[in-house]
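Here the chain labels run A, B, C, D, E and F in written order, and each chain numbers its own residues starting at 1.
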C-alpha cells in the first residue's frame, strides 16, 4: 500500500549514492502523504552563533544512514504511513517577520493537506510559526525537550521574536495551553534569577535536568504523558537538550545534558499520544566538524517518525 | 526555450535551501536534455586513500554556490543548452567488473539519448567505462589534465583495472587514439623509470608541469588543440592536477600543481573543440575538511559545462 | 611620543599570553589616537553562509602573530602614529536597519574624534554605514579589492541592504563618486548578464581578475592611483578577493583569486594616497578550520595600517 | 624473562618519539612471542563509508599513550606474556576473495607459531578469515560487542562477503558454534523485520542495548560467561558498539551505545575465559578528526591484551 | 554594590562582540576584587602533547557563553562577590624554574591583595607554584579531580618539576597536608605497579573511578568533605578527569572518566568548604577541534566561581 | 647493490600498510648507509605555538605517499645511494641544554659513521646542534630557505637558544662562515628595525621574498650557488618559507611565501653542490588539520634526498 513511499533499498543502491533526501525517501507533496518531512532552513532568530540555516541539508545527508524498521518494536514507519520528503520552506533571509508569515502559511497548507509535519530546523523560533499554522483553532499541548526554556520576553532593544522567546509568544497568542506544556532537561546558568518566572506563573511544568537525573526516564515520562493527556499535542526537540558530547554542533551548547540513550527512551514513550506534529531544531553544521550532531538529529527524527506513524495508524489520514 | 532547465533563482530561494542538485538544476532524464550532469560515486579503483565514492554528493553541495552566467563570455550555459542533474550511476560496491559494465551500459544509454555527459566522479578508473559507453564506434581524442599518467599496466598481483591504468586499457581497447591523446600537468616521483614508456611509445603527448610552467597556458593549449584537432574528443580532469593547496581532498595529492587560475584558463581554451563529454574525478571528501576541493571541482565543472554548452549550440541536440 | 600605544613586546610577554587585542595594542578611545582599529561583528547582510559576526574575534586572535616593523620599508606604524584597539561597534542582531544607524553614528563619532578608522568586519554591507559616517560632506573615492562587484540592486523580495548591494547604495546616496571608484579582482559567474551594467553605466572602473593577471600589479595599481587621484579615498578589502586556498573561511568563495603576494604588493602601492579609512571584511571563522583566513586578514590589516600611518605622518592628527 | 618485549620507557624516550608500533613494543615474529598484535588494514567489506584500511596506523599512533600496568589489577601484561607488534597482514586491495585467503593463511601461521593474536582492523569482515585461520579444527565460542548483528545473508546482487555478513558465514562454515555465540549491544533500526531471524533461529543469543541498560554490566557478563563456558572462545569488539560520542570515527555509527566505562568493565569480566584471540575492528580514521576513536580503540586493545596475558599465564605458550 | 563587576549584558551586547575576557567581566587588579580569575598560559611541565599554553585564551573565548545566575541555587556569583578578569601570569617559555618563581610571586601577590584566585591553566605543574604562593604559612587541604595522581617523583633524567609530579613536591614542601588530600577519578594504566605507593604511604586518599562509579557522587563527596574538614583547602580540577568525549582537547586523555553531570554535581558539593582558591588545568586547544573542551572547562570554572562566591559571602574580603 | 635499502613496493604492499618509516624504507643504523634519514622530535626552542615535537611522526606518515624515481631526472636516489630510516634522536623534554648536547653527540656519531644526515625536525633550533655535530672541523657554508632570519640574539630574559637564534650562535661558534651563508625568502614584519643588522654586518646575504619574486628562481639560485661555492655546505629548509596555503601547520606562518613549485625548483638547483647534510624543520602537526604541511614537507625531503644521493654518487661513502 505504501510501497511508493519507501526509502531507497541500501542493499541495491549504496547509501553514498542518490540525492540525499530525508531518510532516502521520495520527494512528494504533503497532500500525497500522511507524514510530511519538511526542512526549515532558518536562523534569523539566533542571538549568538548562527548556522542552523544549514541544518536541513546536513540532517538529510546524515539521514542516509537510517534504516527502515525500528529494532525494538519490529515495526517500520513506512508500513504504517505514507511518508515523503516534502522539501524546504523558503524563507526570506532579510525579513524576519515576513519569514514567520511564510512559515505560518506553509504549515497551514500542510495541515489542510492532511499531513502530520515532522520538521528539521532551523533555530527554535520556527516552532512559533509552525504552531500558528497548526494550532489556529485552539491551544494545544506542548512537550519540549531542551536545555533552555525559550520563554524569555525580549532581547536587544525589545526584539520579541528570537530563538529565546517562541513559547512565550505561543502562550500569549493562545497557541499553546500552558497547563498542558511541559519542558524537560532545562539546565545551565540564566541571565537573571527571574528568567523562569513567567513560565512558572502561567503554569508551565519545568523539569530540570537535576530532577530528571534523580527520577529517571520512566517516571518523568509518566508525568509528561499525564500533563498533556489525550488531547492534541505538539512535540519540539531542541538538539541542545542532548549533551554536547553527542551533539556539539549547536549555537548554545550546555554541558550536562541528556544522553542519547535517554533521549531515545523518552521519545519512544511518546507513543500513543495525540501528536499533531514535531520538530527537531538547532542543528548548526558549521560547528559540527565530525557530523555527529546531524547524525544524532537524524536518528531522533527517525524515532519521532515512528511515533508519528503510530498516530497515523491509529487515526488514519487527517 | 530552456526555461524549464534553469538553476533555482538565488535571489528568491536562498542557496542554503532546497535539495542540493548539481548547480541547483532540476532532476531529469538524459533524453530530456542536451547536457546530462551525472554523479558517479565509485572508488573501487583506488590503490591507497579511498573516499571518492562520496565525491558526487559534496560536489553537488558545493555547486550550490555556482551562478548562471560566465563573467568572461557573458553567456549562460542554460541559455545555450538544456541541462539537468541526471542522478547517479548505481554501481556494485562489491564487484568491480560488474560495476564497470553497469557504468558502460549507463553511458551507452546517455549517448543513445543524445545528451553530452558531464560526470562528477568517482576515481579515475571511471573514465574507462565512460569511454566504452561513448566511443564504441571508433577511437576518440583525449585531453587529460592530471598529475599522473594513469597508463600503468597492472597493480597488485596483476590487477588490470585500477585508477592508475584506465588509459592504457582505453588505448588497448581502441577507445582512444593515442596520437590524439595529450596529458597536461604530470609530475611527482614515479615507481619505476619506465612508467611513462608505454604512453610515449604509443604516441601519447605528455606535457609535464615543468614544461607547462616554462611555456604558459596559451602556448600549451594551442598545442593541445592541434593534437586533438576537430574530431571527437573527450576531456578528463583529475582534480589532483590542481595544486593540493587548492584541492587537498584527493587520494594521491602531488604538490606543485596547476593553480586554479591556470586550470580555468585552460578549460576556457577548450572552446570550439568537438567534445563528446567530460568528467571531473578524484574528489575525496573525507580528506577535505574545509570543503575547498569540492568547491574547486564544482567550479571546474561549471567551466566545462560552459564549453559543452558551446558544443550544443554549434551542433544542436546530438 | 607614541610609546603608550605600542604592541606588547613579544620578547617579554609571549604571544600566547595576554588579552587578544588587535596587534596586541592597548585599548583606547578614538579621541586618544590617530588610527582606531575597530571590530564590527555583523553578518545581517549575508545571503548565504553567515559567520562574519565572529570575524573580529578571530582577527584579533591571529593578529597576535603580527610584529612591529614593516620589513620592506623598515618603518613601524607605531612610530608614525598613535594606534589602539578601539573595541567593537555594538549592533542589534535582530534589526538590520537599526544596526546600520548604530554603525553610522559610531563612525561619525570616530571622524569627529579625529581618528582614521581601520575596521575588521563583518560582512561587506558594513562599508555602507561606515561611509555614511565618514563621507557625510561629499562623495569620496573608493578602491575595492574583491571577487564581487557588490553593486546589485536588491535581493529577496526587494531587500536593498545586503552584502551584495552596499556600493550601489553608496553611489545613490552620494557617498562615493563613481568616477573615482575602482574595483579590482572581480571574477566568478554572475546571476544575470546585466549584473555589471549599473556599475559600468555610472562610471565605475571594473578590473576583472583576467585583466589583472594580464597586466600585473604595478600597471594595475598605477591606474588605480590615477583613478582616485589625490582626493579623499576610502579602501575596502574583501578577503574573498584573495584566492580561497589562502582565505577559505568566507561566505562566498571564488576560486582563481589574488595571491597574498599580489594583495600585499597592491596594498603597499596605496602609499601616499589620501585615505580616510579602510576595512577588511568577510572573514567567516566557522568556515576556517585552520585559522589561515584570519591570519591572512590580520596581515592585510597590518599592511593597511602601515599605509594609514603614512597618511597620519603626512597630514597629522585629523 | 619478558624483558625483551617491553614497551619503550616513557620516562626516558618521550611518547612523541620513536616509530609508532603498537603499545611502543618491539617488532617481532609471532613465533617469538605469546601474544601477537597484528594490524589488518582492510576495508573491502564495507558497504558505505570506507576508511578502516587506515585503522591500524592510527591505532598504533594513539597506542603511544598507553602505559604498562593495569591500575585495577596492578598487573602488567608484559610481565605475564611476551608481546610484540607483529606487523600488518598484507592484503590485495583489488581482490576481496584473494585477500580473505591471504588473511586466513596468515592467521593459520600465527596459530602454528603458538601465539594468541590480538588484531587491529580493518572492517568487520576480517573476523571471518581470522576464524578460518584459528578455528580449523572445530567451532569455537564467540563473544561479539557490537551495534550490529553482522549476520545478514547477502548484499548488492548476492555478495556474500561483506562487513554485514561475517558471522553468518562463520556459522555456516562450522567455525563458530551458534549455541556458544553471544552478541551484546545491538541496536539501531534494521533494513527488514526479519534481519535477526537467522541468528535467533540457529541459537545465537542477542542482548540488545535496551536489555543491557536494564540489567547492567555484571548481570549481562555473567550470562555471557555462562554461554561460552570454558571452551575455546574468540572475542570480537566492533568499535561501533561504543557510543559515537566516544568513537565517532567509524563507518556505521549508531547513537545510544555503550559508554567506554561499560566497555572496559565488560572486557575486564572476560578474565579467565579460554580465549584464543581477539580483534578490535571498524576504526575509520578519515571520519575521526579528533583522534578519539583510535584512542578509545587502543585502550580497549590494552584491556583485551591484559585478558589475553592472563590466558597465557594460565596456559603457557600455546 | 558589585555593579561594577558584572558580565556584559548579553541582551544588549551580543555574545560574539567585545573582548573575550573571562565570563565577559571587566579587567581589574586583584586588590579591587574578592575573586580574581587569572590565566596561566604555561605548558613547560608537559611530557608529551603540549598546547595548554593556549588554554587561557580559548577558555576566555568559550566563557562568552556563560550566564549570570546558577539555575539550581538561583544565585549569581556577581551578586555575592566582586569578580574580575585579572589577566595572565607572564611566564618565561625558556626557563621552567624561573617561571615557577614568577608564578609563586604572582600568587603571593594575589593573596596579599586579599582575593581568592580562580586560575585557568596551563598544565598541572602550575598548581605547585600557586600553592607556594597561597600556602606559605602551613599546609592546606587539597581536593583533586583528575585521571592521574601526579605524585610521581621524577621523569627524564631526574626532572623533578613536571605535570606528573606537582603534588609530591607540594607534600614534600609542606604546602599540602597529605592527610587532608583526596584524589577523585584516577584511572588508566600506570607505568609501574608502584606508582601510587608514595601517595598511599603518606596518607593521600585515592578514589579510583571504579570506586566512584560504585558509590556515586553523593557518597564520595561526603567522604571528600570529611577528609578536608573545615580548614583551608585548595581545589584543583584537571580537565582530563572528565571523559574525553566531553573534553578531548587535553594532553593525556584517558577514556572512562567522569561525565560532566557528575563533575558539576561534585563541584556543587564543595559548597561551604573553606576554599582558598581553585584551578582548572590541562585544556589544550590544539587538540580540541570542536571547542568542546574549552566549553566544558569554562562551565566548570563557572561552577567553581559560584562555590568561591559562597566563601566570600561567608567570610568577607580576605 | 642497494637492493636492501629500497622502499616497500607499493604495487605489492599497499601504501596504507606497514610501519610508517620515512619513505617506507628499512630501519638501519647510520653506519650501514650513505644517507641517514633522522627524526628529531623537539620543540623546546619554540617561542609561541609549539607542536613540532610531533613533526617527525607525521612526516613519516605522509612520506608513505612518496615514490622511487624523480620524474624530471629519471633517477632514483635508491639506485644511487643506500638510504634508511635511522630512527629518532631522543631528547630530554625538560632540559634544553642537555637536549642540545644529546643532539650534537648524535650527529657527531652520524658523521663518524660516514652517513649524510637528512633530518626531519623539530623546530629550527635543531640546526645548531646538528651543525655542532657535523662542522666541528671548521665553518661550513649554509643555504637557508625560510621566512625568518633566525639570527636574533636573545629572547625572554636573555635566552640565547631559541628557534629565532640558531644561526647567530652558529656564526659565533665558528660553525658557519657568514660569507658563505645565504638566506632566501625572508619576509614579514620584524620586531625591531635592527633585526637584520647582525646578519648583514657579518656578511650574510639576505634575499627577501620581494627580490626573489623580482628575479626568479634561476637567477637567485645562480647567486646562491656562487655564494657557497664548492666547499662544504649545509642546507636548512624551514617549511614556513613556503606559503601557508601550502604549509599551514607551522608555528610562525607568514603569508606571501614561496610556492611549492618554486621550492622544488630551488632544491633541484642545489644539485652538484658539496652538501654535507640537510634538514626540513618547523612542521607542527597540531596546526595542520588536513595533513598538507607534512605532505609538502615529505616531498621537499624527497627532493633533498635526490640531491644528497647525487653527492653520494659523486663522492662515494664519506
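Just so we're on the same page, contacts are C-beta pairs under 8 Å (C-beta built on N, C-alpha and C of every residue); 3 or more make two chains touch, one makes a residue touch a chain.
Owing to the predicted nature of the structure, the values given are computational and were not obtained by experimental measurement.
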item	value
Graph separation of chain B and chain E (steps between touching chains)	2
Matching chain pair for B-F (criterion: over half of the contact pairs shared, by residue number), options B-D, B-C or A-B	B-C
Copies chain D and chain E touch via same or different residues, half shared test	different
Selected interface, C-F versus A-B, where C-beta contact pairs are more numerous	C-F
Where chain C and chain E are represented by their mean Cα positions, the distance between them in whole Å	41
Between chain D and chain A, distance of the C-alpha-averaged centres to the nearest whole Å	38
Distance from the mean Cα position of chain D to that of chain C, given in whole angstrom	56
Multi-partner residues of chain A (each touching 2 or more other chains)	12, 14, 16, 47, 49, 53-54, 93, 155-157, 243, 245-246, 287, 289-290
All pairs of touching chains, each written as two labels joined by a dash	A-B, A-C, A-D, A-E, B-C, B-D, B-F, C-E, C-F, D-E, D-F, E-F
Residues of chain F defined as touching chain E within the complex	43, 46-47, 49-51, 53-54, 92-96, 98, 155-157, 159, 161-162, 286-287, 289
Partner chain E, residues of chain C touching it in the complex	12-14, 16-21, 27, 39, 41, 53-54, 56-57, 60-61, 85, 87-88, 90-91, 93, 289
Chain C-facing residues of chain B, complex	9-12, 14-16, 65-72, 74-76, 243, 245-246, 259-261, 264, 289-292, 295-296, 299, 302
Chain D residues within the chain A interface of the complex	47-49, 154-157, 186-193, 195, 208-210, 213, 243-246, 248-249, 252-256, 287-290
